[in-house]
Every structure is written in structure tokens, then in C-alpha cells.
Amino acid sequence: MAEMKTAAYICSGCGLGDKLDVPQLAKIAQKEGKMALVREHDFLCNAEGVQMIRDDIEKEAVTHICIAACSRRAKTEAFNFPSVAMTRANLREGVIWVVSEGADHDEVRQEMADDYVRMGCAELKKAKMPEGNPNHTHLKNLMVVGGGVSGMTAAFEAAETGYEVILVEKQAQLGGWADKLWKRVPFKAPYAEPQDTGIAELAAKVSSHPLIKVCLNTTVAETSGAPGRFAIKLAQESGAITEVSAGAIVQATGFTTYDIAKLPELGGGLENVVDHAGLEVLARAANGGAIKRTDGREIKSVVFLQCAGQRDDTGQHLPYCSGHCCATSIKQAIYFKDANPEVSTVVVYDDLRVPGMGEDFYRSAQHKGVIFAKGKASKVETAGTGCRVNYRDLILDADSILDADLVVLATGQVPSSGVNVVEWDRLTKEADGGSVEAKQQKSELKNISILNLTYRQGPDVPKLKYGFADSHFICFPYETQRTGIYTAGPVRRPMDILQATEDATGAALKAIQAAENASLGRAAHPRAGDLSYPIVRLEGCTQCKRCTVECPFGAIDEDEKRFPVFNEQRCRRCGTCMGACPVRVISFENYSVDTVGNQIKAIEIPDEFSEKPRILVLACENDAYPALDMAGLSRIVYSAFVRIIPVRCLGSVNTIWITDALNSGYDGVMMMGCKKGDEYQCHFVKGSELAGYRMSKIGDTLTGMGLEPERVSTFEVAITDNAKVAGFINDYVAQLVEMGPSPMKGFN
Amino acid sequence: MAKKNYAFYPGCSSQKGASASNFVPSIGVMCDKLDIQLNEIPDWNCCSASIGYGEGGQLSRLVLNARNLALVEQNMPGQDLVSGCPACWLATRETAEKLSEVDSLMADTNEALKEAGLNFKGTVKARHLVEVLIEDVGFDAMKAPVVKPLEGMKIAGYVGCQTNRPFGIAGESFENPQYLDKMIETVGAEAATGYEQKITCCGGALAFSEPEKSQKQIRDIVESAYDHGADMIVTPCQLCQANVEIYQSEINKKKGTKLAMPVVYYSQLMTVAYGGNAKQAGLDGNILRPQKLLDIATK
Amino acid sequence: MTASIATSQTILVVGGGISGMTAALEAAECGKQVILVERNATLGGRTALLYRYFPKMCHPTCGMEINLRRIKANRNVRVMTMTEVLDVKGLRGDYTVKLRLSPRYVNSNCTACGECAKAVDAEIDNPYEYNLAKTRAAYLPHNMAYPMHYVLDPSIIGTPDADKAKAACKYDAIELDMQEEIVEIKAGAIVWATGWKPYDAARIQPYGYDRFANVITSVEFERLASPHGPTGGKLLRPSDGKEAKNIAFIQCAGSRDENHLRHCSRICCMASLKQTHYVREAYGDSAKSTIYYIDIRVIDRLEDFYLQVQQDPTVGFIKSKVAKIVEDKESNLVLHGVDTEGYHRYATTHDLVVLAVGMEPETNGIKLPDDILLDSSGFIEGSNLPAGTEGIYGAGASSSPLDVNRSVQSATAAALRAIQVVHKTSTVEGVR
Amino acid sequence: MSELNQKAVAKYQNNFLKEVEERVEDGEWVSMCMQCGVCAGSCPLGPHWEHSPQKIFRMIMAGKRDEVLTSDSVWMCTSCYSCIVRCPRKLPITHIMHGIAHYAHRLGVAPKGQPTRELASVFWKNLVKTGRVNELKFSLAVYFKDGFSQGIKNLLGMQGIALGLVKAKRLNPMEIIGGHKCKDVGGIQKMLAKAKEIEDRRQGYTS
């Protein structure tokens, strides 16, 4: 590696030169920051300024640069020097745009800028160019678990892209639920008629694809490894085990239908009451002719009851809506009408939910004479040779009855998503504590596992809600907490065939991408492309297990000696492990306890008589830092006593930074992160929650130091809070001024 | 300039001594000034109006209207059928459209028409006189003959239902049509903007059978015109004109109100603006004297 | 015309909203070369103008920050804003695309310092506020704009204002003689992600959007709720700036209506349910939201959100398509209609009416490649070409009325289909 | 119960929707209603009737035959077309209302004494007789529909209006003797008879 040569570039454009003493900043970079090269420029981001930096990199062999100009979020196209380590001292959005105008504020403004230059230089000295994880992987094939529509689609689309696929299906044939349908809901204009499922054709294409290996009657007995190097044991029905490997995994294990036996009040269990799946059996048997009951009687009247055992707020049944059932009932009612228009078909619904072009399908059914009755069924009983449906007609506001030869209950989808890892974690703790019962339950639970991951954090992908293994994020629906494993189809969210097809295609891309990135040693979303990776000095490790427990992505296993084993390809580079580590042995090349710690220590702390408090702000780089930036952009003023450091995630904040800051004489610390709780917004799952937890424990330390606990505070800051965040700062500064200077001042 | 020819369907209300008969001369003056030649359809019959459905079936009503269309097709080739009465226009246009859409109805209609010695091929367009003014004449040409601008008058443009829905004037909104206000301005008067009863139904179809309900509608329409400071109401609908005008005294009697809002048909306004006298404008036919208009007409 | 700037291995993504950004990034993060073109001056599309997302009530700009960071970090994506597709010729694997680059009058020297905006006097309706507010004619679209460059509105070019802007810029960033450019590029596959536009509410005449100041659309309400919006996040009604505490939300404003949009726009029920939160957030127990609906269409887990709103005593539900709106003398709005559950006639007065306007595909009104197949509402259904020979794929709300989550799924799927094309083309050509 | 009605009941048994679809003008549209209620809120006579159009449609689908055919509400249509232009499913509601009223009248089950029903009969008779409607005869017939003394009362009540119209030459008392008529009244009458015959055949009243 080339010898480290540092340079600082100080811009005087955008008013920096008018508002700040730039030569003084240069002097600081040189004298205090110890930069080998310091240059000023009046327009650093223009072609000439950029060329100057490039020339230094080429001709002066500069390896580390500190740009003292605008925010790290600005002018990224200009300041793009991939071959060197870079830090940015934010003098524009962070200083001149947020400090009050006027000569009265010249002094504090300059002090703030001075400190940011000091911090930029200090960080630079500890930063390294990420070299990338040397443990490259080479597997780029996929394993797809589940041979229904979603699984077959994922496999086929990946194979069509040129990637090999192992498709694992526990049944003896491909097809899944969709293969049992007589027809499917239309997915093309004019959206009027049920269409062929096309499943047989898809299954044939999948089976004959040269890049797809189909394993029927097969389950996954064990999955270990990481993206780019998953090692999988497949179990045949016979018990034989085959070992295969894959670069990434798509889990498309679908759903089961809600058991109608749980709905006796709606006739579940009666002879002439079926669910959608039951009706498909009858429709297939009829083969386009008159649909008959199992007793052979031709059905002349049928009633569909929507939301059967769904949208339930009593806690007995499914609380959610399965989304497809209205269209499915419409489709099945059309089966009857198409075979014989004289058949009476009534759909009893509460809200008819056919979004998008489904409205045309609804119209088509109405046109064919299907009757839709807004109502709530209370009871289905046997009457005569059929059933009687008692319901409240909500339009006529009257109790009503319908007699029918057959009643179809529109029940919901229950995901086949394997083990609930939260439950698993609880049982593990109890079992480790010696509970025999928990141990027993755990082994039973393992029977339903789909992937049988050997991960410390449980054998399956974590569930979001109601057993669905969905992403928590609106913008990033493919996020799972297990890198390189993507769920697709109804296992992640109740859905119809059309959506499952789209979903599976997208999941195939994500799996391919994960394998490709792993092979290049790069991170997956949301720090896609990041070459830094956690480096651990195991010799210092005390086996406290905090990193393995707290890693939100299950990236860290434990070896037999209880040392952490980092699976870098599973890591998302959030730094939660670094924040967790009490002995500070975990770091990233460009983000470490030192890169931040050095910045904290670099600033000049005025003495206790100066009436100039200093507050450290550790701000989440995704939400709080942009909010602070935008406060600048909007010229919202906040106190010049804060010194802000962006962090990858509040979860990466190591308490040493806090204690170091307070020891150095800072008067307070503000931690700014995103929303916690069920609707958390942390893209690393629980960073702000962990930070909150860790800070709640820091109270004793503070008391020990003779400090008020209020000197460390956490704040929830959303990206839109640019005005609010300034308020937080100003209020907190006022609170600290009230409290008086830190007694730690002057002890250094 | 050559006059443009149209097959005119006056309708029952425009017959001599009927409720809309006083508009006939003003329509004549207006059309004359605008180079419109209206040729009465020979032996036209009733359209069956809004009330014919009770006794007459769908086909009977279609056939009645088809007869008029067939008369035009046979006797006045190339001419559009034009009516000043919205009910006549609506029934005829609905018939023309329905027959062109449904072949079986066309066949059935012709089977019945045969009894009257007629046949309809579907080539005639049914239009409202206002449509002709706006689409064939245009606002500029409508303005040209104005010799007595109706200055100082504020008029509430009451469009009503059937000239407006379901067909209306092309490009106009069902809820807030603008053309009548524009016509008011074209003749130099001020339109009462924001007149929110512009498209409220006057209940004309039920004037006889449900007088209370119909008169409630009329009261709202008239009172809102007062609220907007209007001197009079103008309407493109002959039925609305009659209904809104003649029942005001009845409402006053029952409700103790003092409604006396003149209501005129648009051709009356235009006739006065075009220099016609009170008689030509048929102002003597108004029960509630449109004094300001009369003043201008007699000036 | 300038030279080609891409190859048949390039994936062209049309539209820089969340779907287009996603398609571009997902392909680029698989190692593909991508050109992302956007008609507006910034990426972000319509989601950047939303205050919060349902059901998490998180901020769209949060995800946008991540996506922008991905774009800034990825050298495979080239972003072209103010660029429209004029014409697409060729076939799968070998398209020639004609692009029109409109002049921004500001070059990449711009540091977003804002001096030009201070210098000009002219104001224009701000399209990024749905014209609810004015902005100077030299402006930054919004705080999250990318590229973070100002724009000069063409209306000031040739006026003294333009010269003032130029004089104010210390960085030679303003180029008043910048011209429209037409360029041709090559692409192997195209992802069409032009998104949606709110249905023209003025056409729903009974609701008087064009007549009553206090009838606004759901997208405009997002701007009112946004702390970055024209009211600083206060729910103030347009006519008099009065606090709007009693708000009506009218569903299916344009959607499910053969006079307007045939389809159900899917997102509007959830959008209104979400917006009731804004009202509650602003006014607590004195808030009053009323949702007028035909069917509440919130599928899957979103049902939770519906249930939660139903339990909010400040929110009422009336099953009714509102027949008409009348404005009273205080500019309040009186809604007339019938609650069809049992038949109850109402005439209710509200401070503000929010029309949950439907999603009209932006494809209605822009020139599309010939082989794109549209459905009856104008959404991209697929291709006119035989299966396996197509190379243009609809993504996101250009393909169906989708929420953000599903748009991103759709865009990810479209990205894979595009990759398949360039992979197969390169295999045939022996490049790979 | 009238014979026609009995036959209809027998023919359609409990399938009232089918009966409406086959026999009521534009009845095939009824099943397209999605119960949004915009028609109910748009009707100017809304505050006066018991059953809104959308509710009538639901009643038809729910087989409430008697309630629908005897409903007073279907006779309250002013033909203002507000419902039609606002209906998101483009149902020709005005026509369906007219059609139901006509059908109920035809079967003889429409409400007795319903004023619009009576008026409509008088109107049609007036029309068929001459091919055109004579406003005076029509009005007199309406006023005297409930008998002579009520007719006089009605007439006295309206005399102000009538006198006004006479004065304005918009109501001609001489019309009572002669008045307008079409030349080809015979042809028109034959034509209407034929139309009824065809329609009856189509709607299965006759075979």
C-alpha cells in the first residue's frame, strides 16, 4: 500500500470566503490537522478545482483528502475520487447557512468552521480506503424453494437471465395451488373472462429448462453459509440427503387455506359448504359443463360469502384481508353463469375489493347477472337439500335469507413461512436456562422450518406480521433481515397470481444481485456497493456475544469457543456490532471507533467561563443528517455550539464516544435517530432502539462522573424535520446553558 | 349570404294558443337576423314528452319520434331536425341515438312506421335551436346584429335540465354550463355569475301531478335569482319558462312570498337586442312583465 | 444531433420517479449500464411530493435519500433530467432512441447557493407544489432535488430577469443561450416507468373543483400537510387561510367511473385513511374527518390501518358517492347525498373537501413506442410483439394503478426483464 | 290481482331481476348498479320519495317484487337526467324508472290514484287521439280526473294562472271546440297499435 499522504482543500465559494476566515482554516488544517498539503480555492467544485485535486492525487501522490466546503451530500459528482480516502468538512450547510447572520456571530461561526476542519482532518487520519472483503465468493446460482407459481416464475426468470437454478418442491409435482384451479382471474384487457391458468405450460418450460434443476419430493434439511456460498442439504422423501450449494435463495413457499372447520357458524363442515379451493375441485370436475355438488346434484343456486374468517377483529380468525378473494369469487360465480346463465349467483360482501382493472371484472360479472349484496352473514345452516344463509342486507337494512344449493366461503391465505424466530429466540433462551419443556417445543418448532438455517438467530427468515415474511419498508419491498434470502409470493403477503408473478420476478433479480455483489465483496442494500466490511481483532474479544445477539441481519454466528464468526457476505455494514462491542475490537476501514473518536477529541473546548458550551451531535446519516442539511438549505438558524458528526446508524454508536466526549469537556450529547417501535424507520432495523437502550444504561456512568443524566439525550428526527431539528438543538442548548457548564471542563 | 335551412319541429307547446306560442315570432325574428331558415316539418306529431312513458311503451315512444325523423328524411333531405323545445329535442335525439345503437329496435320501429307509410334510415340529426346558434352561427355572428345592447340589465341564466342533460351542448359541463351566460353577454347584458340554481330541475314534468314538489323547486330557482340581484331570468327551455313564470303567483298565494321575477325565453332577449319591438319579441305573452326589457324594446 | 452515448448493452429507463429510480438502480447494482431519463428538472417524481407514506406514516424522502445515495455511489447509472423520449426505433436488443434535452439554463457549475433566485423578480406557479404556491422563476425544485441544481423558467429567458440571474451567479452556472438538444442513443432494452398523474379534478363537475377554492385534491392536501409545503405543514384552507378542522374526503373522485376513469386507482382509500391521521395530528380531538366511500379497498395487512382509523372517534365513514357540493356564503362546502346503508339523506357542511383523485397513467398524453400495448385505461399491459421478441417493459404506475410498494416490486421485475434482453443480446453477439 | 300480473308471477316465479331485465325498458342495466347512491343524492325529488333509484335496484335484485311495483317513488321522476349524467356505471336510470312505472301500470299494480300515473294516462289518450297534445284539453282532463266537483275546485284554484295565460294568449279557450291535430291521425294510430303489438310479442306477453 502506498504511503499515506494527506491533503486538505478549503473552498471559499458560496459565501464561505465572505463569512469565514479561510486562511485561518488553512492554517488549522496545516498546523493542527497536520495535513501534508493544504490548498485554498475560490470555487473548488468547478472543473478547475476538481482538476487541481486530481493533479495532486496523480502528481503529488496524495492518498487522503479532506474537502472543507459543502455537505457530503452535495456536489458528489464533482468530488468523486474513487482512488483516495476522503472526508468532508461541512462548512456551508453545516456552518454559514445555519449560523445567524451578522458580525455579532462572526466569532462563533468561525469557531464552528475551525472545529469542522479539525474534525475532517482528524477523521481522515484514521480513515482507510476500503479494499473490499478479501473473502470473495464465486457461487452465482440460485436455490428457489417452492414450486408453485411464485417459485416456478422466480426459477424461470432467473434461468432466462442466464443463472442456474435449483428448484426445490416438497410435493411430487410442480404447480402448487394455482395448478388446482379451473381458471384464473384475468390479467389482460378486457379483464372480463376467467382465463386458463397456464400452469402446465409454465411447469413444462421450467422442467425442460437447461439451467433449472427441479428437485421434487424434496425439502431443505439445512442451510448454512452466506450469499455467494450457501451450503444446503436437501432431503428427499426417502430420507436421502444431497448436498448442494447456491449463491442466493428465493423462498416462495406460498400459503395454505384457512381451515373452514374453524367457521362452523358459516357452515364450515356442512356438506354443501365449500371454500374456494373446494369449488375449484367441482369446477374442474364439471370441465366447463354444469357444476355439480359432490352428491351429483346440479347446482342451481350458489351464494358466496366474502371475508369468511378474515378481517376479523375478534381475535379468533385472520385479521387481514387476503386481497384476491373478491376477484376469486367473481371468477367462480362466472364459472356458474358461463355454464348456465340461469344459475342464481349471489356474492355477499362488505367491501368489494377489486383494485385496478379488477373493476372491469366486477362489471363483467354484473353484466352476466351475478348479484352482489352488501351484507354480513350471521349464520349458514342446512335447509332442504341445500343451505340457508342468514344475513343482514346492509343496503335494505334488513335481516334477510338466501337459500342455495351450495355456499362458498371466501377464506383467506395463511402463509407457509416456517418458524417464527421471535418464538424461537424465546425458547432458545428458556432452553439455555435449562427448561426441558422449551427444548421440546423448540425441536417441534424445528419440524416446520422451511430453510433450517444454521444461523444463530433462528432457522427461518424473520416474519413481519401474521406470519408473513414481508419487508418492513415501503420503498424497499425486497428487504429481508437475512441477506441473500428473498421471499416471494403469498409467503410474504397475501396475493393473487398476477402479483405473485411480478413479485417472484423481482425477487429473482434481488437474489441474482446478492450473489453478484457477494462475489465482488460488496455490501447489499441499503449500503449497496460499500466495500468496507467489519474487521474484528479476535484477540481482544471477551466473548460477550453482544455483537452476535444484536446484529439485525443474523450475520454473526458463534464458533464452538463462543467467539463471533463474521459472515461478511451477510453483513449490511450498519456498524451495530461496532456500537455493541464493549472492548471496541470491531471496526470498518473507513468507519471506526477511531474515525469518530478522533473527531470528537479534535475540537477545541472553550473553558467554563467562556459561556460557550459545546454539544456533540451524533446524527443518523439517512434521516437526521439530511434534515440538518436541509435546515441549512432553507437557512434555518440553529446554535453554533453544536458539532455534528454523521453516523451510519445510531446502532453503531459506541458508548465510548459519549464518555470520551463528556470527559473532554463537552457539555452535552445529542443523539439523533429515526423512529423506534412497531413502525420503526431504521433501515438497519433497530439502530435507534438499541441506541435508546444503551443510553438508558449510561446513566450510572454519568452519575459516576458527577454529571446530570440530561447531558446525554436522544431525539427522534425524521428527514422532513428540518425546522424541528433546529428547534431541538436550540432548546437543548438553552437547557444546557441553564444547567451550567460541564464540571468536566478543564480536567484535560 | 344564403340562408341555412333546417327542418323545424315546433312541438305541441308552440302551437297557436299554446303555452309557448308567444316565442314563435321572436324565434322568427332571431333566425331571420342570423340567416337561419326554419322549415316546419309537415304534419309533425307529439314527441310523447317526459310523461308519455306511463301509458306508452318504449317502442311506441320511439316510433312517435321516428315518425318525425322519417318525415324529415323523406321530405327535407339534408336538413337537420331542429326544435326549440328541449323535451321535443331530447326525445327525438334519444330516439335517433337509440335506433342507431340497437338494430333490432330500428327494425321494429320501421315495422311500425310502415303502418303510417314511412321508413327511417337513420340519417337525420336531431338538434336543439341553441346548438344551432352556438355551433353553426357562433357567438360573434350572434353579436353582429345587436343594435340595442341590453345594457344595465342583470340576467340570471337558467339552463334547467333537458337542454343540459343528458346531452347538453357539446363541450359544456352538465353542472356549470357557460353558454347561456355567454349569450346574455353577447346581447350586452350582465350575467348573474355564481347563480347556483342554474341547472336545478324546475319540476316541470310534475307541475300538474305534484304541484307542491314542483313549486318548491321553482321557489328556489326564483329566490336565488333575486339573491344574485337579477332583473330577470332567461332560459333556453320553453317548459322551464312557462313553469317558472306562471307558478310564481301560486307560490305567493300559498307561501306568502312576493315573487315576481320575469322569465323570458332567450329568443325574446335576442329579438329585443336585434331591434325587434315588444310584439315581435312576444313580450305581451309574458305574464310577469319584463319591464326593463320592455323599456329597451320600446325605446 | 449529437453522437450516440450508449450501446445496445445499455438499459434505458424512462421516468425518474420511484419506479424508474428503482428499475435503474436494481439493474445497475447487478452491474448493468443504465441511462435514466426524466422529463422534470429533478428525480423523485410524485412520491417526492408526498408528506408521508401509508401505512407506516414514514416519509417518502427517507427512501429517496437512500436511492439518491445509491445513485451517487453507482457509476453504472447516468441520469439525464429535463429529457424526454421523442421516438423509439428498432427492436429488442437494438433500439435507437431519440431524446430531447430541454434547456435548464443552468449548468453543473451550480452550487445551489441560491443567489440567482434572490436576484429575479418574476414568480411562477410552483409545479412542485401543485401550483398551490408561487416560486421565483429561478428555483430549486425542492430540498431533495437531484441534481441539486437550480432551473430557470423559460418564461424569463430574454427578459431582464434572466440577465439579473446571470449577473448574480458567481460560478458561471447560468447559460442563457442554452438550446434544446436532440440526441440519439442506443439501448438494448427499455423500462418505461412514466408513472401517473392525478386525474383532472375539474372534470368531476358536481364537486366544483374549478369553482370552489376549498375543494382540493388529495395530492394537494399532501402539500398542505408537508412541513416543506406552502403552509409549512398547517392545514389551512385556500379561500381564507382558516384552519380546516372539519374535512371531507371523497373517494373515487374520477375512479371507478365510466364518465372518467374506468379503473379503481387502488391507492386512494389508503391515501384518505392516511390523511385522516394528518387531521388528527394537527387538531387532536377537535379534528373531524369524514370519508365518503363506495367500498373501502384496503387489501392485505393494510386492513390493520383501516381498523385503526375506524377506531378513531374523530373519523366518520359514510357509504355514499357524494352527489354534489354547494358552497355556502362562508366558503364552507355543503355535501349532498345519500348514505346507502339503510338510506339516510345528508347535507353536511365541511371546512375543506379533499377529493381522492384517481391515478391516470401519464402514458395518456405522451408519445409511446408503437409496440407498447395499452389497456382500456391507458396503462401498459405489455407488448404488441410476439412473446419473447419484446424489449420494452412497463414498470410501476405506468403499468397499473399501484401503490409505492407494489410499484417498486413491479420496477424490480421490469429491471430483470430488461437485463434478460441485454444478456441474451450479448450472448448472441458473443460479448459476454 | 290482474291477469297480466298473475301470468307474470307464474312466468318468472321468484326471479324478479329476470322479469325486469326482459320486460322493463333498459331493465338489463339493473344488475350493473354498484350501490354508490349518487342517483339517490342527485334526484330533485329526493326528499319526497321512499325508495331511491339505487335502493329500487337493490330491491329488484333481492326479489322485492311487490314493493317495487307498488312503489310510489318510481312515479316521481321529473326526467331531469341528473342521475344519468352522474352515474358512474352509466345506468340509464331515468329510463329504468320510467320503465318500471310503465310496467307496474301495465300490470295494473301501480299505486291507485298516483297523480302522475293518472296524468300520464290522460296525456297519452290526448296524444293518441290527435297525434298532438292539446294543452287545454289535457289540463281540463287532469283537473277533472277525480270527478266533477273536485275538478271545479281544482279549476278555481288555478284560475289565476289560467286567466293569466289566456290574457297572454298562451291558453286559447277556443281550443276546446276544435284545436290542433295531425292530418294523418289514422296512420299514427295504426303505427302505435303496431308498435304495441311488436313490443308485447318481444316481451313475451303474447307468443
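Each chain carries a letter (A, B, C and D) given by its place in the written order, and its residues are counted from 1.
Following the convention adopted for this analysis, contacts are C-beta pairs under 8 Å (C-beta built on N, C-alpha and C of every residue); 3 or more make two chains touch, one makes a residue touch a chain.
This structure is a prediction, so every number in the text was calculated from the model and none was measured.
Visitor: Higher C-beta contact count, A-D or B-C?
Guide: Result: the pair with more contacts is A-D.
Visitor: Could you name the chain whose Cα mean is nearest to the mean of all protein Cα atoms here?
Guide: C
Visitor: For chain A and chain B, what's the span in angstrom between their mean Cα positions?
Guide: Roughly 66 Å separates the two chain centres.
Visitor: State, to the nearest whole Å, the distance from the C-alpha centre of chain B to the C-alpha centre of chain C.
Guide: Their C-alpha centroids are separated by 46 Å.
Visitor: Suppose each chain is reduced to the average of its Cα coordinates; what separation in Å results between chain A and chain C?
Guide: Once rounded, the distance between the two centres reads 24 Å.
Visitor: Would you please write down the residue numbers of chain B that are in contact with two or more other chains?
Guide: Only 174 qualify.
Visitor: For chain C, which residues are shared contacts with two or more other chains?
Guide: 206, 256, 319, 324, 340, 343
Visitor: Two-or-more-chain contact residues of chain A, please, as numbers and ranges.
Guide: 352, 374, 395-396 - these are the residues of chain A that touch more than one other chain.
Visitor: Chain contact graph: line, ring, star, complete or other?
Guide: other
Visitor: Identify every two-chain combination in which the chains touch.
Guide: A-C, A-D, B-C, B-D, C-D
Visitor: Under the definition above, what is the set of chain D residues touching chain A in their complex?
Guide: 15, 17, 21, 31-35, 54-55, 58-59, 61-62, 64, 89
Visitor: Show me the residue ranges of chain C that touch chain B in the complex, using the header's touch definition.
Guide: 205-206, 208, 210-211, 324, 326-327
Visitor: Name, in rising order, each residue of chain D that touches chain B in their complex.
Guide: Spelled out, the residues of chain D in touch with chain B are 25, 44-45, 48, 75-82, 84-86, 94-95, 98-99, 101-102, 105-106, 115-121, 123-125, 127, 131-135, 139, 142, 158, 160-161, 164-165, 167-172, 174-175, 180, 182-184, 187-188, 190-196, 198-199, 202.
Visitor: Note which residues of chain B are touching chain D in the complex, please.
Guide: 12-13, 15-22, 43-46, 48-60, 62-64, 67, 108-109, 111-117, 161-162, 165-166, 174, 200-201, 203-206, 208-210, 213-214, 217, 242, 246-247, 249-250, 253, 284-287
Visitor: Given the complex with chain C, which residues does chain A contribute to the contact?
Guide: 13-15, 43, 45-46, 70, 74-78, 157, 160-162, 188-191, 311, 313, 319-323, 351-360, 374, 394-397, 464-466, 468, 470, 472-478, 493-495, 499, 502-503, 505-510, 512-513, 516-517, 525-526, 528-529, 622-623, 626, 630, 633-634, 674-675, 679, 681, 683, 718-724
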